[in-house]
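One chain, chain A, links the two complexes that follow: it is found with chain B in the first and with chain C in the second.
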Partner chain A sequence: MNRKLAPLVATLTALAMVSAAGCSGSDDDPGSGTTGGKVELTYWSWAPNMDKVAAAWNAANPDIQVTVNKQDGGDPAVTKLLTAIKAGSGAPDIMQAEYQKIPTLVSADAIADIATEVGSLKDKFPESAWNGVTLGSEAVYGVPQDSGPLLFYYRADVFDRLKITPPKTWDEYAEAARKIRRANPKQHLGTFSATDPGWFAGLAQQAGASWWGVNGQSWTVAIDDEATRKVAGYWGGLVQEGVIDNKPMYTPEWNAALNDGTQVGWVSAVWGPGVLEGNAKDTKGKWKVAPLPQWDAARPATGNWGGSATSVTTQSKHKKQAAKFIAWLNSDPAALKLLVSDVNVYPSAKEATSTALTSPPAFFANQADFYQIAEEASKIANPFTYGPNVNVTYSAYSDAFAKAAEARNAAAFTAALSTMQKTTVDDMKNVGFTVTG
Partner chain B sequence: MSLVTATVPAPVEATRRPRRQRHSAAATVLLLLGAAYCLLPVLWVLVASSKSAAELFSTFTFAPSTHLWDNVVQLSGYRDGLFWRWMGNTALYAGVGAFASTLISAMAGFALAKYTFPGKNLIFNLILAGVLVPGVILAIPQYLLLAKVEMTNTYWAVLLPSMISPYGIYLCRIFAAAAVPGEILESARVDGAGDWRTFGQVALPMMRTGLVTVFLFQFVAIWNNFMLPYIMLGDDRLYPITVGLNGLLNQGASQPAMYTSVVTGALLSIVPLVLLFLSLQRYWQVDLAAGAVKA
Partner chain C sequence: MTLLSPTPRSTVGASPAALAARATPRSRRVGVPYTFLAPALILFTLFLAAPIGYAAYLSLRRVRVTGLGLGAKSRVEQWAGLSNYARSLSDPEFLPSVWRVAAYGMIVVPTMLGVALLMALLLDAGRSRVGGFARISIFLPYAVPAVVASLLWGFLYLPRVSPITDLLAAMSIPAPEMLSSSWVLWAVANIAVWGGTGFNMIVLYTALRAIPTEIKEAARIDGASDIAVAWRIKIPILLPSLVMTFVFSLIATLQVFAEPMTLRPLSNTISTTWTPLMKVYRDAFTRNDIYSAAATSVVLAVATFVLSYGFLKLVGRRAFNQED
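Showing the complex of A and B:
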């Protein structure tokens, strides 16, 4: 029976695949016909309470009604968007897009250039954020929404008791990690997370790396470069020494470690308080924030982890109205206030610090200068270019570094970079990009 | 000597008695292990959903706590009770989908079993081939097809593909062939019943136990389905419970994952399934027994 049916099944499968391929070729552009009267826009975002911000807009703009469809986080949303773009329908008008996904979305023709529709917003944003949506070109692929400059969170009570000052350099960080370990062998100052490539990319960014680059018509890939090797070697050394944990973040164990005080520091981004509040409720009032430790204290820099822009998709029939909404959402003082109070993000817009970020996050009520420290950090983010296949690079990171962290072997950390480099370049060449260097 | 004679019969007795009662220690242990394998995760969900977020991963795994109600309240409070809407969506997808699928399967299976028409074998073989293709593989092609008619991100996007179940049709054909005697159909026709009446009033009642099986299979399959709604839906107000709970776990790096809510949600989501199985168990058993005799 099975043998008889086998060819039939094969034919069916082939048919299914052909129809899938056939559909993906036919991108019918609906054209941006603008009609007078009321338009309805859908907006995909995974930020909590974004519907409340949209409700404020809807109340004031009866002609442009925005419906928020909450998504399951950045990766699933992008996958869905790309599927919808290939299928020719089903994409929203407006899309939250993480900075590292923008090159992918642009090369898939998923998000539209809205340079003429949004007008001049450039001056309202820090240069690094604006570069993230223009990719260094004349086009504008979105409006920056939030940024995630890296900071250093630590348990002030533990640091005080052991008479440690917040580390200003990575050498001091290593020293602090050793002291904490000696004082209590159960405690760690931090962990090296093999499941958070964005975190590692931010640390490499701080050290001066830019993993991709555009050179005329071709791409350059520099993951296995000197700066990133320095970062990988440093963390590999700490893990090998045993002063830093090797477990991934965002696991139940990690949550518990933050809450019960076995992890007393966290290299994270400006949105960290929300996570701490959710995972480590019992430690309220014990945390403080400091600038990220530096490689060279004389030339301070930081990287970004997370952050996203708001883009208009190529399937939207109302680009002009959509652009109007996202410009309001990300630069109007009233919207910025809502973004801070309800959505809990750190807006990219420069104006946010003076209008919306006037008091520290609730979990850090004891630190009045929280947002001053964050603002200083956001000014010194190093330039960093993302490539069109960040997903491939990131999964290569997870694979290679999981093994290295498990082995607690510093040499394996730097070796993992060459795996990432090779996987990334091979994939880009495979897809048809020209890669030099 | 007396010792030997006294001890010899004993082992004989000992080995004979269990054989008479048909006890096998090995089989019992194996079955107990199997039961533990199936029930321990359920027990874990039950215990874990009674713990608060702080206790979840810090207290002993199987030590229950007292926060079940708090967790239910917290879950119900998430975005104005979205969880219960997911529950309702799942009930809609599974209820309507399984009902429609059972009806279609019954009609198709009855026709394939009792009618003769050209191409019958080809159609049946195609359906059999469909049984061999996992539904997961079809999710993307189905998405692309529904995108053509702009029906993605609607209730129909999940309902329509759920309505056709090759396995259900296959089962119904087998069942109609075994449970509905041709003579009865003939006498119905002689008495002047049309095709619809024959099917609806004669064949359908005879196939009832088999249809319950198909309904349950399909209901559980849709209830647990993840891939299809995950791909089809972009609006979380249309999500079934599987996709919704998955979303609670994947909030992105800047949000804490809601473990307690997800565990509690998982517990609540299996309650209707348990109730359904308990209430339809009677048919289910009859059917399994009937199948065993007739196969």
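Showing the complex of A and C:
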């Protein structure tokens, strides 16, 4: 390069870079605006093929056009949304929100109350799902999309060979785990996963726990309560005895164990078939589903693992139109059908069972009553309230229970709960929440 | 390092009269250096100074919630004084993470630099025989991003999917469970050594190439063996490069993040606060508490500065005296 020109070029390049950096904010412009009566909405979701469902809506509603913006997943999308809310612009109109994140989003003033627009949909959803979007208040912060009632998946061929019937209670589950272990020391009926707090919260929910609660103007935190202690003590006992594994789920090792038949059972949610199909395809046709084992067979209950609602953000300028779209998306029979067939979710709407969930998932083609079992489960989900700092609790779970699982010590499992309780309460008090209990 | 001395020193010896005579044109040209500096200064301010300043500002702030914290305007940001620092330093997870990183550094830095030095000396001694192939293959792991390397090693560490375990089993040697609590520090350190040795080897090797051949020839004529040449001539001359690679490794150690973060979901033995930077990440993005994360970051930055500056001060005179 010409030596005299070099500094000039460098200066210009630097200026160009600086101005480019200054403008880069516009890339994330949600693009919501009106052009001649037509409303354009953006929708952040990480569910696969959600754009196909939106396309069906767009074809029928030329005046309200929805663009799906694919997100990486629940956690990064929430971080991104909270940043946009803080910055004052850049948020979408519509947002997929996991149930456990809704209090956090409401607390950050990120999602809007749409009670007037969608309040009438209440009867279309099971109570536990609707409670998840109202937080027990008069407000409605979204419309439930899908739920994840817990179920029990097991290798029917192994159970048949050992003459074990699917466990109806947790005592029977423990007995089945022991039998399987005796027959083949390499096999496990399940694992206690310290990396999946949502899974453990679901099990606590089944036992009757509700980790947070609202009491007037203050929050209550009850993680270290009797119900949760019962669950932690039970799993800690099984891990200490060595009858179930102590390794996390969703590792390459766990995938291999499902596929080669060393993990022969899985306590999971209704979306389990998709995971099994991806990780354990050699075992196709060998799995069956049963209701979750019970603490009290006379009073069956279950918990949830996963599931989300669709919310309107506080930055949306078209709240009414956005609410209209999410009402259609989560309760219209045509949309429910697409949610099942393309997005592969288990819709929360009661109507879905009769209209959309008519044949079992492909991986469970041998079990015609798959969705009947799932529907029974979704009806008996216990109520559970999430708090404004679920993330703090969940990361405390990972740390405390990882130590306990590694130590294979039942007492450490119940002790981990008091760590979770303390971390959660300390965090809330530090931020200024009033916490009682 | 400072082989070229910067040229604009000509005015140092100029007489006052000569300076006065040039005063007028000089004052007109006074803006010129700033024009040249502008791009660097603007970029430095925008992308380094401003974010650091903002982090320091955030570390003195906090959010307060009123009532249930639900609904609009229930959160306000306010001054926090030094409370974030107090909280960050008194967190029971903070000190263990610091000691853990210290132990990790004790493993990684000497091993990595030792192996790199050995490789560099071997390559230099047998320059014609081994050729560029060995150099490239030692350097190659450095080109693998830490996250990818950690995923690859993660597979190798998990007994059920690891070919190494199969191999050891075939020879009836029990394979250690690398991600169990007694081995996990070594497992993480191994990835860092694997990834970092190549870079340090290249730095040291390049410095070795710069040693004039006459010195080595003179030593040989005096009857010095290869080992003696390495110990008495090459390593002393390499000292400045060793100091530099040591400081780089020290900083990399304090900032260890990607490896344990990637291995974390594979095991029960790596907590969310396993290293100080992981704690910063957890506070900022999991707990949504950027204020306390900013405070920890500032503490870490100061510690890094003090350690590397202190070390350079300590060894500076000895390492660099031949260049003064």
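Everything below uses one rule, namely that the second predicted complex is superposed on the first by the 400 of 437 C-alpha atoms of A that agree within 3 Å, B and C clash if a C-alpha of one lies under 4 Å from a C-alpha of the other, contacts with A are read in each partner's own complex, and residues count from 1 in each chain.
We adopt the following convention: a residue touches a chain if its C-beta (ideal position, glycine included) is under 8 Å from a C-beta of that chain, and two chains touch if they have at least 3 such contacts.
Source: prediction; values computed, not measured.
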*Scan A:Tyr250 for contacts with chain B and chain C and give back first, second, both or neither.*
both
*First, second, both or neither for A:Asn259, with chain B first and chain C second*: first
*First (chain B), second (chain C), both or neither: which does A:Val106 touch?*
second
*asked:* Just to be sure I follow: which residues of chain A are touched by chain B in one complex and then by chain C in the other one?
replied: 13, 75, 250, 252-253, 256
_Residues of chain C that touch chain A when the two form their complex_ = 35-36, 38-40, 42-43, 46, 62-75, 87, 93, 154-155, 158-161, 180-181, 265-273, 282, 285-289
*For chain B, which residues count as touching chain A in their complex?*
53-54, 56-58, 79, 125-126, 128-130, 132-133, 137-138, 140-141, 143-145, 147-148, 150, 152-153, 230-231, 234-237, 243, 246-247, 250-259
*Which residues of chain A touch chain B in their complex?*
1, 4-5, 8-9, 12-13, 16, 19-20, 23-24, 42, 44, 46, 48, 69-76, 80, 83-84, 86-90, 92, 148, 196, 198-199, 250, 252-253, 255-256, 259-260, 269, 271, 274-275, 277-279, 281-282, 305-306, 344-345
*Under the touch definition given earlier, write down the residues of chain A that touch chain C in their complex.*
7, 10-11, 13-15, 17-18, 21, 75, 79, 82, 103-104, 106-109, 135, 137, 139, 194-195, 214, 217-219, 246-248, 250-253, 256-257, 314, 388-389, 391-392, 394-395, 398-399, 402-403, 405-406, 427, 430-434
